[in-house]
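The same subunit A turns up in both complexes below, where it pairs with subunit B and then with subunit C.
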Partner chain A sequence: MAANPEAVRPERSAADERYVFIDDVTKEFDGFVAVDDVSLSIRKGEIFALLGGSGCGKSTLLRCLAGFEKPTTGRILLDGQPMNDLPPYERPINMMFQSYALFPHMTVEQNVAFGLKQDGMPKPDIKRRVEEMLNLVQMVKFAGRKPHQLSGGQQQRVALARSLAKSPKLLLLDEPMGALDKKLRSQMQLELVNIVEKLGVTCVMVTHDQEEAMTMATRIALMDSGRIRQVGTPDEIYEQPTSRFAAEFIGSVNIIEGVIKDDEKDFVTIQSAALAHLIHIGHGISGFEGQRVNFALRPEKITVTKDEPADAHNKAQGVIEDIAYFGSHSVFHVRLPSGTRLMAHFANRKRWASENFTWTDKVWLSWGDNAGVVLPA
Partner chain B sequence: MSSLHRTGLFGKGMLGFGYAFLYLPILILIIFSFNSSRISTVWSGFSFKWYIALFKDDAMLNAAWVSLKVAFASATVSVILATLAAMVLTRFRPFRGRTLFGALITAPLVMPEVVTALSLLLMFTTVSGFFGTSSKGMLSIFLAHVTFTMAFVTVVLSSRLAELDKSLEEAAMDLGANRVKVFFVITLPIIMPALVSGWLLAFTLSLDDVVIASFVSGPSATTLPMKIFSTVRLGPNPKINALASLLVMLVAQAAVIGWYIMQRQEKRRLRDIQLALKEG
Partner chain C sequence: MNTLKRWLNTAKSHSRWAVISVPYLWMLLFFAVPFLIVLKISFAYQVVAIPPYTGLLELADQSVLMKLNLTNYLQLMVEDKYIDAYLNSIQIAGISTLLCLLIGYPMAYTIARLPPTSRNIALMLVILPSWISFLIRIYAWMGILQTNGLLNKLLLGIGIIDTPLRIMNTPLAAYIGIVYAYLPFMILPLYANLVKLDLRLLEAAYDLGARPWKAFLTITLPLSRRGIVAGCMLVMIPAVGEYVIPELLGGPSTRMIGRQLANEFFVAGNWPMASAVAIVMLLLLMVPILIFNHIQGKEMEGRLT
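Moving on, here comes the complex of A and B:
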């Protein structure tokens, strides 16, 4: 479902690589640093997500882009143009607000026309453009309604149409699905991505929902206490986290603490007090023997078996302590003799519970040479 | 069952007592306004004569006219000033002395009226001495009423502005409207109901103020409450009963109409929401 940047833009110039350029931006409020020395380059036509918990500075950064906040230091460039000194109403940037912020005293049509009217567009052109936008979001038959006469999903469509009407160079989405219920959310995510891609508009979104970021964005910047922790495509962030924070923020993960025992060119072994056997990594890493590391292993990379695997390493025996049933798969919480608990996914291929593992079963967990990631402790 | 019934009776009794406590005096007033006798406490027959006498009393009608003019003008100016004050209090970035400004603006709310009245009187006297003109009249009442009603209207408007979703104004700015435009095209229309109720509040306050008006007015201008007060001081007057009954009728009518409009809007709003949910 996620947007595919290569399909959208087969070739990119250097200017397109830095379409939105956030250069060492810091924002302080009365001594509190909300955004701490952030630099980002966002490509033309991509959907870029700022992901992080509340208070991580993602919303402040978005407001700096929109012009509602002025960076304390640093520059923001859009398509090569400095934005810092432009007020919000002079920036070629439009925003879809979390609350949608539809003007309650205006009809759907007037809401969408508002921005165009400010530009002094001739009336027939406004009418045509509004109709085009309402067509795009399939809200033509609601043109005469007031916002309070619309459901949440309909309000969102109008808000989207309004923020796209002026063909902004940059579209900002503030928690775009925040006000929708779960079922509508996944449907609207897909629809929003389709619309944004169809128009080819560059888009920066803010969200605290990792699933939403992974579904919608071409690239994600993971933020924590005002700083960028990692930037990458959704699968890069998921499969190659560069820090324990990144690994734990997105999806669930087993973190096993250990020490590097052998550091060779083409393999590495890690000794951990939690496991009876060595961890074997099938490639070299930049570390040294005796270094303390965290081994991050996603639950779905673990295989659960009844019999002991043949390999001498990358395995552990334990007892199933808890089972979380998700229908398509179950998550086993397996307690190792060392007291450590590991989570492992188990695909429910068989329908009958009697054929599957159950509580207090003794099982073997195993994983491949490249299943996990070694992170600095 | 029987105990429930008794509670019902008791409840009804209390309700009746409450209503009587609130409205019996007004009912008596209305009844006696149709009394043909001059003595207010003795009923001697139904008559419209006090109403007729009232409409022949030029001094009374003049006072009513002065009151309406003052109330209309002071409510209007007070709403304009209060809107500015409320915008400063809720929309400006924190500035030095903002807390003090807020406290000073709303001070007349807690200040005894006599103190407000006296200080205004002193100021008008000083100013007129300075310019060598007579200051006391309709203008001074108007200015005094603006001063004291503004405090109330500011409170109404700043609480409305504080609860107004700021992203509405930001969205308008984001779409290309500058601050002045945002204020007139977005903020003002949305807070219009609060402006209207603020205006009505100021109008009412001005219309029934007697203390401040008595202090600051001169012989050239008398408001209705001042006139009523001075008339009643000489003993009960059936003409005043008639006037009061008219006022009650007016207020009741406005209240009923207001209630009806609000209820109709609420019904329509609920229907719209249900419609939206069904289609959503």
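Moving on, here comes the complex of A and C:
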């Protein structure tokens, strides 16, 4: 569902690789460092998400791009052009604001036309462009309405049309789905991605919702206390987190603390107080024997069985303490003899499949040699 | 249980009535009744008696006759001194309102943009002068504006002027007094409106290419229309009937309807005429109020559909 990377990928020039270039940007407010020495290259045509909790600096960075904040140090370039000294009204950048900031005293049509009017576009051209935009977001019928007469989803469409009307070189989305209810959200996520891709506009979005970032973005930058923690495609960030923070921020994960016991070329073992057996990793890692590490294991990588699996290196027996039933799958919280609790997904592939397990059942957990990721402690 | 509920409900509606009836009773007693008395007097004849006007009803030949004297109103419509006074009042009040708006809007705007702590101090400074009696402040202005007053002394001292300026007892003095006295009534509603303005709307306007001045004209100004209308009404309506300021500062050359009314009442002793003047003034002031209510009602309708 994420923006199709193939649509973006074919032969990019170096300039397109650095279409938006954020170069060592730091933003301080009265001694508080909101954005701390961030460097990012954003490709032409991609949907790039800044993901992080509140206060991580993602919004400040977005406001630096829009021109509402000036970086304390560092440069921002768009298509090779320095942006730092341009006020927001001179940047070829438009933003879809959180909860939209539609002008309440203007009709839908006037809202969309506002930016075009500022450019002094001739009236017939404005009319044509507004119609084109309203068509794109399927809001032609509502052209004469005022924002307060629209539903949340409709307001969002108008906001999108308004921010796209001037064909910006860069579109900024500030928590685009923040004001929508859950059902509408997943529908609009898809629709927004489709529209943005159709126009081929480069897009930077800010969100605190990891699911939204994964769904919509081609790449994600994970931010924490003003710094970028990891940049990658959604699957890279999910399957190959480079830190415990990244692993825990996105999706759910079991973190098992341990020490590297054997560090061989083609396999590694980790000893952990949590498990009776050594954790067996099926490939070499850049570590050393005796190093303290965190072993990150996603719940869906764990297989739950009644009987002891014969051929698995990695297994542990425990007691089911809690069951959370989600319909498509169940999450078992399994308590190991060491007291550690592990989460394991159980796909309900057959109807009533999870009925075979119940509280206080003894079960076996097992996982493959390459199921988890070894992270520095 | 149900009885208790019903009893509580009736008690509730009774207490609701009690709460609103107090101010309504007050209005009835001290506004509606005096107004009707004034209306009645305006149709009477002036006589030398106590009270100095005739009654409207007469008993003669076993019938009750009602005699309405319309000459007062006819006089108001034809005699220059009244027409002038009305036009002057409206002009002075109108220009004063405009001046208050021009001075008050930037002030209200600036205060609304201050950080919250200094905002309250700035608002206090606007309200603070009204803690001193209105009359004392107008007398203070007399001291400032007089020919040998503070302002002239200052200007002469610096050497900007050679002969003292004649401001006291001119319409200019009345303008100064009215603008000074009514400025807070312009600033407060404007401030209350502007402080609520969603600043992200301005950011959105900048983002879409509007320069700050253009964003002000297309976003801030139209969105503060209610504040502007409220402020203008609060200044304009009392200013039209203003008596003290033109009397004390404006001198005889400032002919406003309030002074005309006082003249009729205290000097000519013509109560019916004074009453007619008051009634017509009230009718004149009703027009903008009704227009304002109409606009507001329409806007409310728009919000609901």
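Assorted remarks:
In the analysis below, the second predicted complex is superposed on the first by the 368 of 377 C-alpha atoms of A that agree within 3 Å, B and C clash if a C-alpha of one lies under 4 Å from a C-alpha of the other, contacts with A are read in each partner's own complex, and residues count from 1 in each chain.
In the analysis below, a contact is a pair of C-beta atoms (placed from the backbone, for glycine too) under 8 Å apart; a residue touches a chain by one contact, two chains touch by 3 or more.
Owing to the predicted nature of the structure, the values given are computational and were not obtained by experimental measurement.
In this superposed model built on subunit A, subunit B and subunit C take up the same space, so to speak, and clash.
When the two complexes are overlaid on their common chain A, residue A:68 makes contact with subunit B and with subunit C alike. In the superposed model, A:153 makes contact with subunit B only, not with subunit C.
By the touch criterion defined above, A:115 lies against subunit B and subunit C together after alignment on the C-alpha atoms of chain A.
In the superposition on chain A, no contact is made by A:124 with either subunit B or subunit C.
Shared contact residues on subunit A (touching subunit B in one structure, subunit C in the other): 66-68, 87-90, 93-95, 97, 101, 103-105, 114-115, 118-119, 146, 148-149, 162-163, 166. Residues 198, 200-201, 203-211, 214, 218-219, 222-223, 302-303, 305 of subunit C are the ones touching subunit A in the complex.
Within the complex formed with subunit C, the subunit A residues making contact are 66-68, 87-90, 93-95, 97, 101-105, 114-115, 118-119, 146, 148-149, 162-163, 166.
For subunit B in complex with subunit A, the residues that touch the partner chain are 165, 167-168, 170-178, 181, 186, 189-190, 269, 272-273, 275-277, 279-280. Of all the residues in subunit A, the ones that touch subunit B in their complex are 66-68, 87-90, 93-95, 97-99, 101, 103-105, 114-115, 118-119, 146, 148-154, 162-163, 166.
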